[in-house]
Amino acid sequence: MATAEASNIKRLQVKRFKPDESPKEHYLNAEKGLWSWLTTVDHKRIGLMYLGSIALFFLIGGILALVLRTELLTPTRSFIEADTYNQIFTLHGAIMIFFFLVPSVPAALGNFILPLQLGAKDVAFPRLNLASFYIYTIGAIFTLIAIFTGGIDTGWTFYTPYSAETSTNVMMMTLGIFILGFSSILTGVNFIVTIHKMRAPGLTWNKLPLNIWALYATSIIQVLATPVLAITVLLLAMERALGIGIFDPALGGDPVLYQHFFWFYSHPAVYIMIVPGFGVISEVISTFSRKTIFGYWAIALSSLAIAFIGFLVWGHHMFTAGQSSLASMVFSFLTFLVGIPTGIKIFNWLATMYKGSIDMKTPMLYAMVFLFLFTIGGFTGIMLGALVVDIHLHDTYYVVAHFHYVMMGGMVMAFLAGIHYWWPKMFGKMYSEFWAKIACGIIFVGFNMTFLPQFIMGAQGMPRRYYNYIDQFQPFHQFSTMGSYVLGVGFLIIAAYLIHSLLRGKEAGSNPWGSRALEWQTSSPAPHHNFEHTPVIINGPYDYHKPMAEFQLGIAHSHNGHHEGEKVDVETTTAQEKA
Amino acid sequence: MSDPSAVKGKPKHVKHYFVDSDQQFEASKMGMWVFLVTEILFFGGLFAAYIVYRSWYPDLYLQASTELDTFWGAVNTAVLIGSSLTVAMSIRSAQLNQIKGLITNLYITISLACVFMVIKFFEYTHKFDKGIFPGEYYTYEGIAHEKANIFFSIYYMMTGLHGIHVIIGIGLMLFLVVKAKKGAFSAEYYTPVEITGLYWHLVDVIWIFLFPLLYLID
Amino acid sequence: MNRLTDYMLPPARSTLASETDALFHFINVTSIILLVGITFAILYFAWKYRRKSDDDVTPVITHNNKLEITWSVIPLIMVMIVFGWGFSGYMNLVTPPDDAYEIRVEGASWNWRFFYENGATSVNELNVPVDRPIKLIMSSTDVIHSFYVPDFRVKRDVLPNRYSSIWFEATETGESHIFCTEYCGTQHSNMDGTVNVMSQDEFDIWLEAGNAVDESVPPAERGEALVSQNGCNACHSADGSSGVGPSFAGLWGSERTFQNADPVTADENYIRESILQSNAKVLEGYDPVMPSYQGVINDQQISDIIEYIKTLE
């Protein structure tokens, strides 16, 4: 639109628009009633609906995990049968990955915050956004049907030939995943177009928040990888229904081909699950250190590098599966390469803290926890990438511990950081800082109690997906189970004080954290159309050395379609203001 | 919700979250292009399966391909290419504000698409009569290769999935005809026609790959 | 430090185990050093640079080329070292010596069968001589399994309609666990076995005796031992309690009704068919999951098993 260009400088009259600290009208009360929520095309409401859904699935997946851990208190049967156990670990994985992690930051937090950070009124295709949500819901319903009509016990990876032959309800489940994939794809399409086409005036690519860069890289992965998952589960469904024989050796097919297809999606999928978390961490660390981010371009481009290289490493899940040594060598090599951009981010975040002005509020506390736990996850990933060691560790609890450290210790911590960071913007309320920190501490302790022993168990040879195990591993399992209960308590506390915040929380102002980012320059909760003016950007979002006034500029005579004919309270001076 | 697109200065078709008609048009086109990339990846999985099995059973492919009627496959190719031409012409008509021409060209495109599906229908039933079914229902004895059903499984999956996309395209274009008759399109606003055209071109391109890979290798 | 890392691994009982262990230790040690450094930085910065007042001014440090290149290049070099080390160890794992002693392995749901050069077989117990390279040639009768011996640091998926192989040389006599490490159904976690490493002499004796019949023991007793050795009792109880498969108690002479065949009275032919073509007649109320023992249990052994079953009321 109207930005300064080399030969064609267009002048815009801007003035400062201070956000309303106590708005009476905002997106939550702009329309009333259940129907207005079910038919909303407001990205913020859609984001909240996703948030509620993923919270529900996290609860279900978490309860399943507690059941599993309880069964594992004794080496043989504790209170459920083998078949039940096998179904539960399958569901735990499938629910946590497909219904919680993949949509968590992109669909829930991303939907809410992306247009706000871009200064746009909504995403490029709001109705498609709502459709994405309903597609997610339908996929979830299919999965629930699968659970109640035969269950499924193949592991979330659905390896053939077992998945083509088992009598459990693989069809329903794969159909559910197929449908769900479209939700992910359409969200990715929406985000890519919004980022390209709907930035506010002055918001050039070098001023984009790193959260946007992260969502951009994630959307690219979503768009390229998810269709391959779709065709994989479709082929699996055809194999079961028609005996197509693509993966069935008895019909001339190749079960290892299934693994190639599956992991070609599922490895990039793990980057879908973590890269948005990186974006959140960049925002939180910069805001709570009140310091400009260190290495902006390194962080931005490393997300794209991870997205690209991430498509080339899928074979590291298959070192024992029967691929050639040459293939294994190439995949191992590239796996190590993909770790480097990630490591760079960790160093950059630490460097951002250096000589900052650090306010250890809850989001920052979660970011610190993230740095620690994700680093452990990352190093154990290096361990698994080393070919000769992976032969020993593959399909043991070492792998289970590794991915829980990166997905839970990484992504879930980043997600919690994001929730606690943007909560005031979403609801206009604050939560109890005291209880939030207590919960964070409990979760940190519980998490390590649960998963640290699993590294040792796995290296000692304890296989994964095991209902029974040999006696020597019992102390580890028992300690791990205790830890899982502690974790559960931590999450219950979070639910409690967040609900309390909704009902009775202290009113938050527009910018309780003193951030320079654009979403904080509008009121809390956000207005129906995000901004009461068309924002104009002249600084990067981490320029803490610039006064707050310079981040609250908008086109002088446009009220973004609101208040036609009314007088709007604006400041016209540019006096220096305290941050 | 109030209709903020009725803001002074902005035409009715521009949604309120877009600044102007151009931005909306550019965004819609970009969205469709990104979606088409996902379709390419989607079919890509099937092409990968084709390649893997052809490398394992090259003789099977050469033999089995003789069962496919090259003549009708070529007719279908011409039909689809023609339909791509007519859909492009319908966009042209819209750009020139010739709504009657737009509707006519859409009808022709839909008819050609239906011809494609009819020919496919006869191809399939002809195979079914011989016992050429996908997967474990295959009973045809005419190909001297024990893994004959693999080629046809891939054939049915690829052409079947493609056929579903043709049917979806027909549905979309019928929808366009209905909207065009109601006067929704003009030289200022024909975005749905443009992006449906893009979709249709991809459906055509995919067939252009399928045809030689399946029909022309004997 | 070494005791800690030794604690993390099973005893190293093969010639190549120490290679895996050495790299494991190296990665652990370097990771812990880096982790300690990063943790220290997190805690120290959080304390040293805590906010003193709302008017704090922070320096504008956007990047530092030297630092960024250093902390990109050094980790890159380190991971390349780890890669090379891992790759060379892996090549040793997949390159058996030419003179390795071959044993065939079959993974079934849910036991392991081993076939030796002279036709001897064993189920769930892999007998091998010490200090000699052993090559296992493996395949599956049904779904993908994975053969894993933690003490030897070897693991390989076992596939239907295809052969895969691993090799190892055991360095001390004793027993080591075998685990299945690819999910294969209900009894996946019960699909374990034992590697019995013995001296070459003991092995030779065992191999000779292998499937020889011990005439001094009554057939029914031999049958009972066979039922245990071949893993039958993992699914079939002797006392009437329910399991994956029907109990042997009261089986002999009873009327059996099937899902996929006409009823028969349980006689010698029925038992023999059930062992060799296990899913030809599937009893009502059970799933067709029994693997066939064709080639694993010979005719003499089938007779002994039949005698044993006859004794179970």
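For reference, chains read A, B and C in written order, and residue numbers begin at 1 within each chain.
As a convention for this text, a contact is a pair of C-beta atoms (placed from the backbone, for glycine too) under 8 Å apart; a residue touches a chain by one contact, two chains touch by 3 or more.
Values in this document were obtained by computation on a predicted structure and should not be read as measured data.
Student: Between A-B and A-C, which chain pair is linked by the larger number of C-beta contacts?
Tutor: Top pair by contacting C-beta pairs is A-C.
Student: Measuring between Cα centroids, which chain is at the maximum distance from chain B?
Tutor: C
Student: Express in whole angstrom the distance between the two chain centres, defined as the mean CA positions of chain B and chain C.
Tutor: 49
Student: Please work out the Cα centroid separation of chain A and chain C, and write it as a whole number of Å.
Tutor: Between these chains, centre-to-centre, one finds 36 Å.
Student: Which chain B residues qualify as touching chain A in the complex?
Tutor: Touch list, chain B to chain A: 1, 4, 7-8, 15-19, 23, 26-28, 30-31, 34-35, 37-39, 41-46, 48-49, 52-53, 57, 134-137, 146-147, 149-150, 153-154, 157.
Student: Hey, which residues of chain A end up touching chain B in the complex?
Tutor: My answer: residues 1, 30-31, 36, 120-126, 128, 185, 188-190, 192-194, 196-198, 223-228, 230-232, 235, 238-239, 242-246, 251-254, 257, 261, 529, 561, 564.
Student: Please give the residue numbers of chain C that touch chain A in the complex, ascending.
Tutor: 7-10, 19-20, 23-24, 27-28, 31, 34-35, 38-39, 41-42, 45-46, 49-52, 54-64, 67-68, 71-72, 75-76, 79-80, 82-83, 85-94, 142-144, 146, 148, 150-151, 153-157, 159-162, 164, 177, 179-190, 192, 287
Student: In the complex, go through chain A and note every residue touching chain C.
Tutor: Spelled out, the residues of chain A in touch with chain C are 82-83, 86, 153-155, 159-162, 165-167, 249-250, 255-256, 289-298, 319-322, 325, 328-329, 332-333, 336-337, 339-340, 343-344, 346-348, 350-351, 353-360, 368, 371-372, 375-376, 379-380, 382-383, 385-392, 394-396, 455-456, 459-461, 463-470, 514, 543-545, 578-579.
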